[in-house]
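Two complexes are shown next, each including chain A; its partner changes from chain B in the first to chain C in the second.
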Partner chain A sequence: MTAEILVQAMVLGLLQGGIYALVAAGLTLIYGVMKVVNFAHAEFLTLGMYLAFSAYTLLGVSPYLAAVFALGLVFVLGAAVQRTLIRPALRHPQINQLLITIGLSTMLIGAMQIIWGPRNYVVPLPWGRATLGLGDLRVTYTRLIAFGVAVAIAAGFWVFLKRARGGLAIRAAAQSPDAARLMGINVERVNLVTFGLGTGLAALAGALIAPVFFINPTFGIDYFLLPAFVIVVLGTMGNFVGAMVGGLVIGLAESFGGLLLGAALRQFASLAVFVLILLWLPRGVFGGRMT
Partner chain B sequence: MLEVKGLQVAYGQVTAVWDVSITVAQGELVAVVGPNGAGKTSLVNTVAGLVPAQQGRIHFLGQDVTALPSHERVALGLCLCPEGRKLFPDMTVEENLRLGAYTWRDRSEIARRVEQVFALFPQLAERRAQVARTLSGGEQQMVALGRALMARPRLLLLDEPSLGLAPIVVTEMFRAIRKIHEAGTTVLMVEQNVHQTLEIAGRGYVIENGRIALAGTSGALQADPHMRTAYLGLGA
Partner chain C sequence: MSTLLELERVTKRFGGLTALDGVSLRVGAGEIVGIIGPNGSGKTTLFATASGFLRPEDGDIRFDGRSIVGLRPSRINALGLARTFQIVQPFAGLSVRENVVIGALRGGRETLATARRIAAEVLDLVGLSPRAGQPAGNLTLPEQKRLEMARALATQPKLVLLDEIMAGLRPAEVDQAIGLLRQIRGRGVTLVIVEHLVRAVLALAERMYVLHHGSLIAEGRPDEVIHQPAVVEAYFGTTDGSPARA
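== the complex of A and B ==
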């Protein structure tokens, strides 16, 4: 095994990890604030891919511009889902919420199948296969852009959580909803906005990777659901920075796992890393703390 | 300022507060005392809007707030420093304080109030960047009280501010509360430390089994035979 192959695995792992991080960030945020595990999260990513695809093929809009609209559109959709399906279930046992989000996942997959059909699509960007050469290593521009934008958005969001008044409200509601109410925070609205933002970020990530992967109705659930959950648990559920670090770790684990065990077993490698880390740090890398 | 009339609070089948009526006038410091499980926390949590009222009305500044959500009551100046402090555990002292002023937007005014809290509790100043989870119990209570003050409450509700604190810190807490009251804030305070509470309160209510058992000025309560045996550990 040569050094170039290892470097290549590392670069590809990091590139994938950046996307994982953005998807997991939304999932962990929703869990942190509402304690709801959103099993439909990956479907919002798939929806973002389709929105970018249709924007490009029907209107000729760049997927990167479409990403902004996907964020806005899915924010509204996510908020509506929160208001109609999630909010009434918040008072009920977690099993109810679980069934609701699993049902939502099935519904969304069905809806996408009806709208776009079962076949695989690609966003036929004219420069979609163009690569940047870094020494012996070649990486497509589409992957580089997706990674760069995902990491920048995640970092910007982190600054928002840390500095902005709205970010402070989200963190407060996550750490203690009743105390947040006593501060004058409208926790019901924070829940609504957080669900919209979390799902919107998944859709944004989807639009960013639409030029990289084949799009079909079960893409998200097939390739992103498991890694996203692993990352969220690994990085301590509800911890934003944990999701960032976890995203990169799992991206690398899959990439090296694919290299050592063959592509079919790449998820085995990330699960193995997951189990090993949790044996050692049972509450996640960040020890149960919220950001 | 605050008028609670015929309040009933229940958790499922369990009724915790029965037909309780209390008033607090502008400028007063009123105490609510009573044994464990009497319904004191249920009363103030309902006044703050965390728990719904089963029956009865709550008026604040002439407005019926019975159905108003908590965050809107805060905006009116009705603030609760809750039992057990309820700090944001993974946030710093300063972030906790800033959240206290969430309904205010003027940043320089908020910064000024943070400094005022540090003036009231100097030992918090050197811990402004420490996360709340790692503070001592006394320091946590100081942050909780300071955080409630950040909102500039018109009526400050305090639920057992001396709970679990060492005697010397309890005394410091009571001194701070007296100072806050003297500076013009109206206070309604739940306490188990009956002796020290009646020293600073003008009036008090005694709650037993979810009902008002006794009410009167601090002087009258201190002289009452039932109070002296049951709460003050003195002879009748």
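== the complex of A and C ==
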């Protein structure tokens, strides 16, 4: 095994990890604010991929422009889902919320199958296979763009959480909903916006990776749901920065795992990390909540 | 003196338990009103109902001339009624400054710059400025109680409901807190204090209500109220010399 292969694996792992980070960021945000575990999260990513696909093949719109619309569209859809399915369940036991999001996942997969069919699609960008070469290292531009935009969006969102009024309201509601209400914060609206943003970010990530992967109705649940959960737990449920770092860690773990054990077992490494964390650091690496 | 907060025959039940039984009281603008009563007499329920966290089954609550029954807590706060929690509920992972800035934003009606300025002022007032950069979870209990106060004040309220902010404080800290509350009232903020510590209420309140089993059993000037037989009985058992109930 040569050093070039290791470097290649590391770069690919980081590139994948950036996307994981953005997807997990939305998931951890929703959990942090509402304490709802959204099992339908990956379907919003798949939906973002299909939206980018249809925008490109039907309208000739670039997937990267479509990503913006996917964010907006799925924000509205996510908010509607929160209002109709999640909000009424917030007062009920967590198992009810769990079953609702699992049901939602099944429904969304079915709906996408009806609309787009079960076959695999690709977004046939003319330069989709073009690569950037640095010595022996080869990376497609599509992956580089997806990574760059995902990391920039996640960083921008972090600044929003830290610095903006809306971000402060979200963090306050996550820490103590009752106290937030007393501070004049409309926690119901914060919940609505947070769910819309979290699912919207997943759709945005989906649109960004639409030119990289095959698109089918179960793509998200097959390849992103499990890593996203591992990352959220690794980075401490509800911790935004934890999700960022965890995303990169799991991206690397999968990449090196695939290298050592073969592509079919690539998730073995990340699941091993997951099990070890649950055994030894059940509260995640970052301890406290949403900092 | 104009009436700021008025409860009229407010009743709150939890299943078969009547936590508030037709409670009527009024608080004038600029007053410090004390509410005392033994454990389980309904003091915290009274605050939770007035601040919109619980909805009364019966009766009316008016604040600043309008009925606030059925309004959301955030809406009631926006009208100028703030409340602190008996069990402190800081945004533990956020800094002390951020905690107060969130209050000062008043649900987004102030700009961030204004909110920061107000927060700095209030932190100065309660003496937490040196701790402003710390995570709120790192504060000691007395400091967290002052943070509760600071957050409530930062929302620029007309009236603050203070729920047991002296509980767990040492005597010297109680004296400090009493001084702080006088200062706050001096700024024109009306205060309603629920307190286990009768000494603090006697030192501060101009008028006082006594709650027992969800009903008001006495009201008036503190030094008068405290000696009324019904009050003595509620606290110590019957006045005829039989043993007090715990």
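Basically, the second predicted complex is superposed on the first by the 286 of 291 C-alpha atoms of A that agree within 3 Å, B and C clash if a C-alpha of one lies under 4 Å from a C-alpha of the other, contacts with A are read in each partner's own complex, and residues count from 1 in each chain.
Note that in this section a residue touches a chain if its C-beta (ideal position, glycine included) is under 8 Å from a C-beta of that chain, and two chains touch if they have at least 3 such contacts.
Since this is a predicted model, take the numbers as computed values, not measurements.
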item	value
Joint occupancy of chain A by chain B and chain C, clash or fit	clash
Partner chain in contact with A:131 - chain B first, chain C second, else both or neither	neither
Touching partner for A:187 - first (chain B), second (chain C), both, neither	both
Touched partner set for A:168, first chain B, second chain C, both or neither	both
First, second, both or neither for A:179, with chain B first and chain C second	both
Contacts of A:54 with chain B and chain C, given as first, second, both or neither	neither
Overlap of chain C and chain B interfaces on chain A (superposed complexes)	165, 168-169, 171-172, 175-176, 178-187, 289-291
Chain A-facing residues of chain B, complex	48-50, 69-71, 74-75, 79-80, 82, 86-91, 95, 98-100, 102-103, 105, 147, 151
Of chain A, residues touching chain B in the complex	165, 168-169, 171-172, 175-176, 178-188, 289-291
Residues of chain C touching chain A in the complex	51, 53, 72-74, 77-78, 82-83, 85, 89-94, 98, 101-103, 105-109, 112, 115, 137, 151-152, 155
Chain A to chain C touching residues, read off their complex	163-166, 168-169, 171-172, 175-176, 178-187, 288-291
